[in-house]
Amino acid sequence: MPPVAAPEAGFPWIVLAILLPLAGMVAALPLGRHARALALLLIPAGLVVALLLAAQVWREGEVTYALGGWTPPLGIALRADGFSAVMVVTTAVVLLGVALFAQSSFRAPPGEETRAALLFWALLLGLWGALNAAFLGNDLFNLYVALELLTLAAVPMASLEARAETLAAALRYLFFALAGSVLYLLGAVLLYGAYGTLDITLLAERAGPEPVTWAAAALMTAGLLAKTALFPLHLWLPPAHAGAPAAASAVLSALVVKASFFLVLRLWFDALPGVMTAAAGQLLAALGAGAILFGSVLALHQVRMKLLVAYSTVAQLGYLFLMVPLAGGGGAAQPWDAGAWSGGVLHAVSHAFAKAAMFLAAGLFLRAAGHDRIAELRGMGAALPMVTLAFGLAGLSLLGLPPSGGFIAKWLLLTTAMASGQWWWALVMFAGGLLAAGYVFRALTPLLARTETPVLPGRPVPRHQQWAVLGLALCSVALGVAPLMPFALLQVGRPEAAEEGIG
Amino acid sequence: MTALWLLDLCLVAVILAVALSAVAARDLFAATVFFVAYGLLIALAWVRLDAVDVALAEAAIGAGLTGVLLLGVTARVHMEARTPGPGRGMRLAIGAGCAAVSVALAAAVLSLPVPAPSLVPAVEAAIPATGLGNPVTAVLLAFRGYDTLLETLVLLLALLGVWSLAPDRLWGGRPGLRHRARPEGTLAWLGRLLPPIGLLVGVYVFWIGSDQPGGAFQAGTILAAVWLLAIMAGLSDAPPVRSLALRLVLVAGPVVFLGIGTAGLFVAGAFLGYPPAAAKTLIVTVEAALTLSIAATLALLVAGAPERAP
Amino acid sequence: MTATLYGLTGAALVGIGLYGLIVRRHALRRLLAFNLLGSGVFLLFGAVAERAGPGGDPVPHAMIITGIVVALAATALGVALVLHLARETGRAEPDPPEG
Amino acid sequence: MTAALPWLALGFPVALLLACLARPVRAHMLALLPVAPLPALATALSGPVGLVEEGPWLLLGMALALDATGAVFLGATALLWIAAGAYAAAYLRGKALAERFAAFWLLTLTGGLGVFLAADIVSFYLSFALVSLTAYGLVVHEETARAHRAAFIYILLALSGEICLLLGFMLLAAAADSLLIAPAVAALPDSPWRDLTLLLLVAGFGLKAGLVPLHVWLPLAHPAAPTPASAVLSGALVKAGIFGLLRFLPLEAGMPAWGEALALAGLFTAFYGVAIGVTQSNPKTVLAYSTVSQMGLVTALLGVALAEANAGVGAAAALHAAHHALAKGALFLAVGVVAATGRDRLGWVLAAAAVLAVALGGLPLTGGALAKLAMKEPLGEGYVGRLAGLTSVTTTVLMVHFLRCLAATAAEAPAAAAPRGLVVPWLVAALAALLVPWGLHLAGEEGALAYALAPAILWEQLWPVLLGALIALALARWVRLPALPEGDLVVLGEGTARRVAPLLRPPRIAPPPLRPRRGLTLALTRAERVLREWPAAGLSLLAVMLLLGASVALLP
Amino acid sequence: MRGALLPLLVLATSLVPAVVIFFLSEHAWRTRTAINIAGAVGKLALVAYMLDSVAAGAEYELRFPLVPGLDFLLRVDALALLFVTLSAALWLLTTIYAIAYLGEGPHQSRFFGFFSLCVAATTGIALSGSLITFFIFYELLTLSTWPLVVHRGDGESFAAGRKYLAYTLGGSTSLLLGIVWLEGLVGPIEFTRHGTLAGLDSATLGICFLLLVGGLAVKAAIVPLHAWLPAAMVAPAPVSALLHAVAVVKAGAFGILRVVLDVFGIGLVQAEGLGVPLAAMASLTILYGSLRALAQDDIKRRLAFSTVSQVSYITLGVALAGPVAAVGGLVHLVHQGLMKITLFFCAGALAETLHIHKVGEMDGAGRRMPLTMLAFSIAALGMIGVPPVAGFVSKWYLGVGGLQAGQVWVIFVLAGSSLLNAAYFLPLVYRAWFVPPPGERAGGWTPLLAREGHWGLVLPPVATAAVALAAGLFAAVALSPLGWARLIVARDYGL
């Protein structure tokens, strides 16, 4: 084995995608009050890098990169397949929207440095880097570090306002996330003990169904589920997400929970494909189904809008796990796998946009009205029509109604559920859609109510924030109009057998 | 063999007993004390497991700094939880679940393959290219340098997280309460005595790290402890958070690491790669910077969020 | 043999840590339990490294060091949060009072 | 030219109506009424034209036709429409809502004429519906309580009739796969739904023609409407029913059972109408019952024809219809004239009315006699024929009763004189009632005149009239008849409806009280409270972990 | 290329105005009106252009794949054009009406934006060439209608909106389940390929039919899924017009047409015996709706229940599964739209101008607003089925078609319905024309136009009434609704 590998072909966009935000985070600290400017500069640049990476994956197929030239198992490799490229691009787009939104809320007065203004941007950059590291890592231990990086960026974000309840929420979040990471690490340790490597690609070749792997799979999955807040491990999510500042909630709900979901899929489909069983897939899907029903009903009964949106996240995360048995997790490759895979991922992406838009919109309502009690937001629709429209459009995607990315995603999941004979998951999805309609419209109803005197926002809401919200919502809808590109991209790095589509 | 085996058995028994006590102790302070003791015992276990680097790290970080952190805070919060814990049935169920997890883990451990797969040969094959003698340092800074890079960023982020809890009006201020030790008290005495020794030890641990057990993390921790001691003794004050110099020290390690790593892109053909000829020099440079930053970061982590106006 | 012994100890510590993490109400006790849990994992990892032969496998050792540092970072954040929570509410429990 | 005449006949009134959208025309709307039927009269006079299919783009393909029978119906009713129109112009001048009346008049007129011209089922139905529904506007015109009631009963029955007809027509068309009347009727005997079709058609037309018990609208509507409207209702509109029967019964094929039944129903109606009529005191009501009775007679005639497959009955029916239309129309107009005439000038008015009235009973030398004569043969010698003969007696009884009632309605002021605008149209109609049947009779076969004037025939016609007059006088003198309500049976129906209506109103169901939280929700909210507990969450984590392990390790 | 562009253009004529209007300021009255009218006129022009060529046998198609196995397909065939023409024409009139009706009210940009979006969705429904495309627009319709239903923004509106959503989304769920199920079995379903379902077993076919039609039946307001419709009448009159005549219920009925004619095919529906139960449900709805209408005192509620009843004629027509009945159902799609929109226009005008909301307040309305009430009367008579108004033609074809399909009972349903229609419509007409208005005992025949409201409230109902009359009077013309329906059926049956 040569200690130093041959240089990779092509420009290492994959490295840059991680490097850029992390370097930004490091630089933000000494830059102080200029951190905002730095972030606003880096995020568009990062989007370009993400797109170039995606283009590279699209053109050349899967991209792998041995860091330092040390090839696995000794070294650490980065790997970008279609799925990770899509997630990286999604992250960049959502962050762009959030950054546009936040650039006026987290802005220090001239010549001065304030706590929130510095830390928000530094944490945001760190979080971004952590996300990209999680999406692009191919080494289980490295992914553990990336997850911890993510947690340590996300928790302070959730408690940025440092009120008692957000502190408590953040602390619970921290504990749960840490427990999840440790369990994940424990699984990784076992895998190393059994196979002498933590590289996903190598593990896929070496790992077989045996006690160590079983234990490892159970530990790692459970740990990741805790971090994803899949029912019944969701206790930390609603208070943490609802208590954070709007921009932070958007990132947390749209992206952070997706990282651990992403790793679940990596683990099941890429690292241990031979280990997972059909029963385990059904178990995951059952938890997902529980999340859908449970989260939706609870969302339906929330009094505060941000909590409603947070519980909606709990519910929507459930859909992601329905894809596991549908996409062939724990079984032989089936013709419908590609459909389910695309459906699940598309759902993750469109939910990211939609949920970011919803949280930002909720934040604007909160800002304008001074509170976010749904019933008392009467007439806000007239005061903030664009935001209301954005909320509605995002809701559209959550409902899975056309035309939206959520619809296409749901459609793919539904057709595969039927095609694979697992109609019960289809029923769950239908029920979830109806419940989602219930809570989305419950939130919209007071907004559109007509009041005797026109409602004026308590504090003015800048135009650019409204555009940012609308832009994110439109992204989610646009996915329903032209999802073909992501679909093909998603298949890069997937087994050939799944290329057929769902006919 | 048998003696060692018995020693191991005793050590393990004590470790488990202390761990149980730490969990079961009524009182937070007692639990913390048990925990510090536990950390030292575990360090011993690491020695028994032929992992001196880890033992050092565990003693310095796991037992030392964590202990200081926890002990420091016990004085400032209520010792007891006010709400009662879960009922007996619940505790029983949880206990059973935990036991089941342990049993399953034990089964997994027992079923690990023989011979164990290992990367020892790979490390031995690759280590010459780094010019280092300590394989652990080689792994940390070369083979898995990326992990280490992220790890330093984790520390930095954690520091940011701690700072984020400062009240807005005190932003930029100094962390923690001002320590005023009696000038002729033990603490002051220790504070005057220990830093030079600690400094020496720290530099030594850093310096041998490339070939012997030791390295940036251990050294950084020792230096951090020294600084903390000095602060506690009232010999120096924690710097204000807004200080640019402090911030530059904090990011120096990551910046150097990132810089050299990026240079590797052009020089060695890969990010975080080193040209074999200059490998050791570069690695030591990185380590030096890291040591500095880690020391500052760890110390400030323990010191806490800004609590005093600058 | 030694490796297995410490591996089993690690497994037991994981159980103890988990129990403490779940059962304890006080935030610092939970942090403590988390550290126990973590060190159990590291110990298990160390046992795995030791199985590779005399001197042990340096790769896990490096990872453990990383892990210890990460755990410290998390603990530090946790402690800071607890401190501020206690300052805000007078309690060091993150769970809502009525449960 | 002749082919275009039927279109003109129908189009002209519609065109006039549309012209009324213009304000200047609308100011003279009443004057248009007597003008509107002129093309129809011209069409009738120019004689049968056969099938005219010039409206393939109208409705479902509209076709018109005029045969001999149709021409008689058309001509006689057109005459009546002209006379009544002129009468109405005078009657309503300066009164409120005259324009509305005129609009409905024109619509009714169009429909009334269209019935006789339609050659396809849809056009026929359109015409029939038009006449039925728009006549409502004529009936209700006065807007008195009585008018409202009459109009309500009228529209209720008219609609029911329409529905019956619509269904009948659908059945007819579906069975024949043709929309033209002639082939459709020819195919009826072979239709799978033959009896149903016939039942519906007879009900629909019978309703219009006043067949008992579907006659109840007639004695209500005719008195309630303004006088000229009563005239056309009784003279022209009911003819549409008769004409419908004539057109749609498969007379060529014959159906004995149906024929018998129809004949019996007709006879019953003929006598029933008289029996109720003599209890009435309003002259218009009496006339209405007389119409019921007369239409019963014609129905009986058609029944016999149906039973005997006598397709040639059309001429006799047409003759009767022509006479009845004009005579009855003139009598109604007379009611209006009498009401405006004082005691002083009443004599000659009553005399003229008497001639017309008794003519209905078959007074020799009048059109009525000729009609009876024409019907004699088709009615045959059976019991139907004999009973039909008796109607001459009963009709006379009723008509004498009518004259007595009429005389009682003269104007208070002895010197009052009816305006010329009323008198002239009345006299024209009366004259036409006398002359038109003669014209028709003479246009028939050779020797018709001699036959009609044969003494035996004359006697045969005279004695029932005399008998009837005697009976009527006797009744008036010695018998005190009960005063039955107008519309007789309808009272029963109304009573029932009043009692049933509240039952039909849906009960108000109070909405169930909103339960604050439903079972599932409550359970889930509670579950959430438990799961939010830290230990519970931790236990869940353990459980998920162990379950996952089990599912990976132990299950397939 | 031009062929593919046309359907898109037709869609764009309402979609683009919708999007543009959303972003217009409230006060841009002129611009908004101009855009609205221009879109509507443009759409009509395009439709007119296509009518001719489609009659000659041309078809336009636009297809692009969304994801593999899911094509977005727009296709202009005769049936599509029937619906598009109706919606395009009524859109123009409704827009004129709405501009006059809303006057200076608030939230106009929102209103007209969703209004146009609604029409765009309807157009999309009409042009959909596959089940999934249909579903996409069907849902778009659901969602774009909701803001219109709750436009007034009061509690009652929101209650109605909630009901509307609860029902329609439930229906969509059923529909989607049906689609997913069927497509899971046979792949994408397009409306042109007949016989794709031939291989399936009876039970599956039956369940899928139930799911599809059951889902569509919600919008088509078939009993017992109709309750949203009467509740939704709280919306402003133009919206009711839209709901009842142009878009929503029509979309449901149209969907049923598509499912029966183009997804299952008449033959299969007949062979599996699926038509008769559907026809029975439709008949039940027809009678039930009429009975309920009879009991309503609020004019718009009465009209709403009338819609429940009338729309089921369309369903009945196709369910009878015979060519003549199908013509009746198809043509009623147009006829019902024309007549019902007239009624709602008039009801709205009465409410706006004379503040008449209840049946009892109609006295003398004809004397005060003769043109409006003339239109109302024509439409009401048409609903009853009186010739020569269009409604008669529908009933005739339904009746004869039912008989030819061997279902004699159908004509009695029609008869009962006609009687009931008369029973609840004629009192309105009667009061308007034959009862003097309150306080005007000796009121004369007022001059035309004397007290009519804004011309924008008068012209649309008069126009639609005139068209309804003409559609019946000139039914035999080739381009009449009837002629077009015959063409569709002739093509579908290969006659």
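So that you can tell them apart, the chains are marked A, B, C, D and E in the order they are listed, and the count of residues begins at 1 in each.
One rule holds in what follows: a contact is a pair of C-beta atoms (placed from the backbone, for glycine too) under 8 Å apart; a residue touches a chain by one contact, two chains touch by 3 or more.
Treat the numbers as computed from the prediction; the structure is a model and nothing was measured.
Chains that count as touching both subunit D and subunit E, per the definition above, are A.
Where touching is counted per the definition, the chains common to subunit A and subunit B are C, D.
No other two chains have as many C-beta pairs in contact as B-C. With every chain reduced to the mean of its CA atoms, the largest distance from subunit D is reached by B. Taking the mean of each chain's C-alpha atoms, the chain whose centre lies closest to the overall C-alpha mean is E. Averaging Cα coordinates per chain places subunit A and subunit D 78 Å apart. Centroids built from CA atoms put subunit E at 73 Å from subunit B. If you average the CA atoms of subunit B and of subunit D, the two centres end up 107 Å from each other. Between subunit C and subunit D, the centres computed from C-alpha atoms are 100 Å apart.
Among the residues of subunit C, those touching two or more other chains are numbered 14, 18, 21-23, 25, 31, 44, 48, 51, 59, 63, 66, 70, 73-74, 77, 81-82, 84, 93-96, 99. Annotation for subunit B: residues touching 2 or more other chains are 85-86, 94, 97-98, 101, 104-105, 108-109, 112, 116-119, 123, 143-144, 147, 151, 154, 157-158, 161, 165. Chain pairs recorded as touching, per the definition above, are A-B, A-C, A-D, A-E, B-C, B-D, C-D, D-E. Note for the complex: subunit A touches subunit B at residues 1, 3-8, 12, 15, 19, 22-23, 25-27, 29-30, 32, 65-70, 73-76, 113-116, 119, 122-123, 126, 129, 133, 141-142, 145-146, 148-149, 152-153, 155-156, 159-160, 162, 167, 186, 190, 193-197, 210-212, 214-216, 218.
For subunit D in complex with subunit C, the touching residues are 532-535, 538-539, 541-542. Remark: subunit B residues 4-5, 8-9, 12, 15-16, 19-20, 22-23, 28, 31-32, 35, 38-39, 42, 45-46, 48-51, 53-54, 57-58, 61-62, 65-66, 69-70, 73-74, 76-78, 80-86, 91, 94-95, 97-99, 101-103, 105-106, 108-110, 112, 116-120, 123, 135-136, 138-140, 143-144, 147-148, 151, 154-155, 157-159, 161-162, 165, 215, 217, 294, 298, 301-302, 304-305 touch subunit C in the complex. Subunit A meets subunit C in the complex at residues 74, 141, 144-145, 148, 151-152, 155-156, 159, 162-164, 167-172, 174-175, 178-179, 182, 185-186, 189-190, 192-193. Those residues of subunit E that touch subunit D in the shared complex are 291-292, 295, 381, 384-388, 392-393, 395-396, 399-400, 403-404, 408, 411-412, 414-415, 418-419, 422, 426, 430, 433-436, 442-445, 447-448, 472-477, 482.
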